[in-house]
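Just below sit the structures, each encoded as C-alpha cells.
You will see chain A twice below: alongside chain B first, and alongside chain C after that.
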Partner chain A sequence: MVHKSLEQACLIMDRSGVDTRKCMMCGKCSATCPAFDEMDYHPHQFVKMVTEGDIESLLSSKSLWKCLSCFACVERCPRGVEPANVVEALRVTLLRRQGENYITADDIPGLLDDKLPQQAIVSAFRKYKK
Partner chain B sequence: MQKIGVFVCWCGSNIAATVDVAEVVQAVKTQPGVAFATDYQYMCSEAGQSIIKNAIKEHDLTGIVVCSCSPRMHEATFRKTAQAAGLNPYMVEIANIREHCSWIHKDKNEATQKAIILANAAVAKVNLNAPLVQGESSVTKRALVIGGGIAGIQTALDIAEAGYEVDIVEKEPTIGGKMAQLDKTFPTLDCSACILTPKMVDVAANENITLYTYSEVEQVKGFVGNFSVTIKKKARYVKEDLCTGCGECMSKCPSKKGKDEFNCGLNNRTAINIPFAQAIPNVAYIDAEQCIKFKTGKCGLCEKTCSANAIDYNQKDEIIEREYGAIVMATGYEPIKLDKFDEYQYSKHPDVITSLELERIMNAAGPTGGTLLKMSDKEHPHSVTFIQCVGSRDISGRGKPYCSKICCMYTAKHAMLIRDKYPDVEVNVFYIDVRTPGKNFDEFYRRAVEEYGVNYIKGQVGKVYEKDGHLVVQAVDLIANKQLVLDTDMVVLATAIEPSKTARDLASMLTASIDTNDFITEAHPKLRPVESPTAGIFLSGVCQGPKDIPETVSQAGAAAAKVIGLLAKDKLLTNPCVAHSDELLCNGCSQCEKVCPYGAISYIDKEVNDHGVRETRRVAQVNEALCQGCGACTVTCPSGAMDLKGFTNRQIMAEVDAICK
Partner chain C sequence: MIYTYYPGCTLKTKAKDLDLYARKSATALGVTLEEPEDWQCCGAVYPLARDEIATRLSAVRTLVSARDNKRAVVTVCSACHHVLVRVNDDMKNDADMRGKVNRYLELENEYGGETEVIHYLTMLRDKIGFDEIKKKVVKPLEGKKIAAYYGCMLLRPSKIMAFDDAENPTIIEDFIKALGAEPVIYPFRNECCGGYVTMSDKSLAKKAAGKVMASAKDNGAELIITACPLCMYNLDANGGADKLPVRYFTELLAEALDVK
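The block that comes next holds the complex of A and B.
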C-alpha cells in the first residue's frame, strides 16, 4: 500500500507554484526529457503522482536526482504545468526534512575528503535538526 | 398615487428554500403605493399568471412588481400577462430575488432581508413608472453575408431560396473558402471540390444573390432591419464583365514568383492569377505588389494577350453603400501561425508541413499533382508521422486553450488515404486523446486503425530534428511508458485553428460581442446559438466556434432561417425605452451627439418658450427609431436634459434611496 497524502500534495504544489491538476496527460514532458531513460518514474508520471498525493514514492525515487533541470519540459508543456519545478520542490522538501540528512559535528572528521567540497559538509551540518 | 401589486414567486425551492417569501409579502405591504401582495409557488405558470391577472382587475392595480428570477428570463412573460389584464406592459418591474439573491446566499435571514430590499426598490421605481408605447421601424428586405466559404455560401443560398435578396462579401478573389482547398471530406471521403463547386455555381447563377469578391466591409451603421453598410471593392485591374477566365494572361505573365496562396504557398503563381480552375467568379486579378507593370511601368503583356480587352491598369477601388435588414457573420478560420513551436522544425524543414498543406499535396490540382511527395526533394516518403493537438488545448500562451475539434477526424482521414494509396508508407499518429463524436466518426477512426494499419500512439512528440539527412521524431508512448526515437520522412502537424483575423474588427463595427479567443458570442450558448446578442446580427460557421462541414452547413441553414424570419416582417416593434431631451434644460453643448453610438442624436435650432421668454435655441433631438436606449447620453449630459424613458434619473434615484433606507 502506497502512502498517499493530499496534504503533502498541496505542500508540493505550494512550494513549486505548480498546479499539477492542469496536466492533461499528453506526455510532452516525457517526450522532451533528455534523461528519460535514466529515470524510474518519468516526468509525466511524477506530475500525476503529485496530484494523487503519492509523494513518498517520489521522494525515494532516483528520478529526482536524474533530472538535469534543463527546463525543456517547462518550455514545452502546453498546460503550463512546469514539471521541472515540481522536481525542484520535491528536492527541497527532501533536503529540508527535520532530522534527516543531518550530520553531527562528531561525524565530520570521518567524512573529510579532498574531493568533497567543504561547503557540502558545512551545509549538511547546518541542516534543520530539531 | 399608484396602486401596486407585488407577487413573490417561490420558484419551487429555488427561491423559497433560501428566502422567507411570506415575510417578503408582509414587508412590502407597508411600502407606499402597495395595494396588494401575495406569494405563489410558480408565478410564471398558467395558474400564477392568473393570480396576477385577477389581482390587477380586482384591485384596479396601476402597476405590478414580480419578485422572481432574472428579467432576462421572464420579464417578457409578465409584461404579456399584465397586457392581457389591461395594464400597460411597461408598468411591470421585476425584482430579481433568484440570481441576485437566493442562489448566491446561504443564510436564510440575510437572503430574506435582501429580497425585501430588492422588492422595495422595485416598488419605489414602479411608483414613478409611466405607460410607454412601442414604436415601429421598417425592415430592409435584403441580407448581407460576410464571408464566402461554405458557411456563407449555404446561408446565402438558403436566404435566396426563400425569395430574399442577399449579398455576399468575400475578401479573397473567389468564394469557396477553406473547403475549396480540401482534397477529401470525412467520413465519406467524397471529393471536397465535387460537392462544393456546384454550390458555388448556384451562388453565381442565383439572381437573388449579388457577389462582392475581393471586397471588404468598411463600415456598418444603423440597427436591426436598417443597417447601412459601406463595402470596399478592391481593384482587380481586370474588368469583371469582360474577363472570360480563359487563363491566357496567366500563361504569358513573366512575373512568376508570387506565393500561391491557394496552395498554401507550396508553389508559385503569376502576378495575374485565377486562384483555381473552378473559381467563382472565374475572373483574373492582378497582384499589384508583384506585377512588373505596376512596379516599373513596363511589361503590359497580359493587356496585349487578353482577347477580351479585360485588363484595366487604371481601375480604382470602388466604394459601395447598401442597406440591409440583417447581417450574417461567416468569416471562418485560419490555421494558427507556428512560429512559437520551434521544436517541430516547421519553419526550418520543408518536409514538416501542416495538415492543410497536406490537403493541397494530396489534391490533383495541388503543387505535386496529387502525388504524395516530400517537398524537399520531391521523392516518395516511406514513413509519415502525424502530430495532433499542435497548439490546441494549450494554455501556455503558445497556442489556443480550446480543442480545435476537426483535427482528430482529418488526421484519421489523411492517415487512411495515405495507407490506401501507398501501402508501403508507414504511418504513425501521435495523439493525446482521439475525439471523434459524430455520426459514423468513431467507426471511421477505427477503420484507419483496423483496416488500414495506421499506428496510433498515445503520447506527444517532444521534438523533431534532422540527423544525417532525415528527420527524427523524439516522442513518448504513454501506454508502454517508453520514450521513442523514430526516423521519419515527413511530419504533418494538426495545427490549431483560430477565427479569421478580420473577425475582431468586424465584430466591433457590428457591436457584436466577441470572446477572449475572438470567436463571436452567441445570444445564448444553448437556446440561441446562431444569433448575436446584438439584434439583426447572425452567426454562421467557425466564426462562432470550431466545427466541421456538416455542423457548419446545419448552422448556416439555421442562421438563414433566422434571417428569413426577420426579413419576413414588414415592421419591427421598437423598444420604447429611448432617450428624450428636455429642450428647456438643454444647453446645446453637443456632448450627447458625440457619445451616441447609433447616430441617433442631432441638433436643431428651435424656438422655445422658457417661462414666457420666447427665443430660438440650439437643442438636441433624439431619433427614436435609431435610439437603442443604451443611456450613454443621459450620463454624459451636463445639464440633466437627457433622460431615458422607463429608466429616468428620478426612477433610478428612487431605487437607490429605497435600497439605502
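The block that comes next holds the complex of A and C.
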C-alpha cells in the first residue's frame, strides 16, 4: 500500500505540475478560497494529503466538485504551490476511470435555460466528462 | 491597426451584444478586426492537467493561423482570452508540451508561442490609449456610477495573464473614467462569482454571485460591467432578487462613442 500511494502521489504531482512538498502550511489558500464553507477537505489539506499519498480520500471528497478554478489560491500562495492545479489533476484522474463521469449528455437538457451561455455547456463537457 | 479577431462560441450566440459593440467601437476607433473564416471553439476552459494534449489543440490552431497571417489576436471573452494566453504560454515555455502538440498537428512550420494575444481592453489601453479614447467620446456617460467586475480569468494567474495587477487592477476603472463615468471601487471586484459551477451547483453559484452583487451595491454602484459572458449570466441569474443591472463593457463604449 505504501508503494501504491507514493506512486499515486507522484502521478498527481506530475499531472498537476505541482511539487506539493513546497507547501509550508500557512493556510492562505484556504483562507482565500470562495468555496471554503462548502468543502470537506480544504485547499491546504489537498496539498498535504497529496504529499502524504492519501489520494483515494481526495478522489471521493465533496470538495473536488466545489473548487471554482478561480485561481485565488494560485495567485496568493507565497510558495507558488498552485493548489487549484492539484484539484484539477485529481478531478481528471477520477474522470478518466470508467464510469466516473460527473455529467452526461442526458443531463444537459435539464440544466439549460434561455440565457445559459454556450461556454458553460462546452466547458461542462471538458470539466466533468472524459 | 489590423488584428485577427477571435470572437469564440458565445459571442456568436448568447453574447451577441458583446461582439456587435466590440466591432462597432473598433470601427469608430480606426481599428480593423479581421475574423478568420475557419476559427474553432477554444474549448472554453483551460486544461490545467499537464497531460491533457488534445484539449489544447483547437486553441493552438487559432494561434498558428494568426501567426501565419502575421497578426496579433484580439479576444473579447474572458474565457477565450484565458485559454489562448495560457495555451500560448505552454507552447512558448513548456518544451515537452510544445513537442507533443507539434508532433500531433504535423504543422509545416512548428509553432512555439510566437503569436501575441491581446484582450480588447488591453488593446484600448496599450495600443490606442485611454487618453485617445477620451478624445473620441461623443456622449460622455456623465454621473453614472459604474462597478467594474474583473472576475478571475482575466487577472489570474498574473504571472501568465499579465493583464493588470491581480489584487489592485485599474484597467476597467480607467476605461470607465475615459467614458466620462465614475468608477466604483468595491472589495469583490476581483473575487469569483461562482460561474464555474453555474450548471452543476446552483446554491454555491448563488452564494458567490450574491456576495459580488452585494459588495458592488453597498459601495454605491448603479451598474456593473464585465467582459465575461459567463460572469454576465451568473451575476444576472444568481445575483439575488435585489440585483444591479449587468452590461458588457463594449456596449458602454459604443454608447459613449455614439455608435450604438
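Criterion: the second predicted complex is superposed on the first by the 93 of 130 C-alpha atoms of A that agree within 3 Å, B and C clash if a C-alpha of one lies under 4 Å from a C-alpha of the other, contacts with A are read in each partner's own complex, and residues count from 1 in each chain.
The rule is simple: a contact is a pair of C-beta atoms (placed from the backbone, for glycine too) under 8 Å apart; a residue touches a chain by one contact, two chains touch by 3 or more.
None of the values given here were measured: they were computed from a predicted structure.
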item	value
Which superposed partner A:Leu111 touches (first chain B, second chain C, both, neither)	second
Which superposed partner A:Cys26 touches (first chain B, second chain C, both, neither)	first
Touching partner for A:Glu38 - first (chain B), second (chain C), both, neither	second
Chain B versus chain C as contact partner of A:Arg79, first or second or both or neither	first
Touching partner for A:Gln119 - first (chain B), second (chain C), both, neither	second
Touched partner set for A:Cys70, first chain B, second chain C, both or neither	second
Chain A residues touched - chain C or chain B, whichever exceeds	C
Touching partner for A:Ala9 - first (chain B), second (chain C), both, neither	neither
Residues on chain A lying within both footprints (that of chain B and that of chain C)	72
Complex contacts: residues of chain A adjacent to chain B	22, 24-33, 36-37, 42, 44-45, 72, 76-80
Chain C residues touching chain A - in the complex, by the definition given at the top	8-10, 13-15, 41, 43-45, 47-52, 55, 77, 79, 152, 155-158, 166-167, 191-192, 194-201, 204, 208, 211, 229-230, 232-233, 236-237
Contacting residues of chain A [partner chain C, same complex]	14-17, 34-35, 38, 65-66, 68-72, 74-75, 82, 84-85, 88-89, 92, 102-103, 111, 113, 115-124, 126-128
Touch list for chain B against partner chain A, complex	343, 389, 393-399, 432, 458-463, 474-476, 478, 481, 483
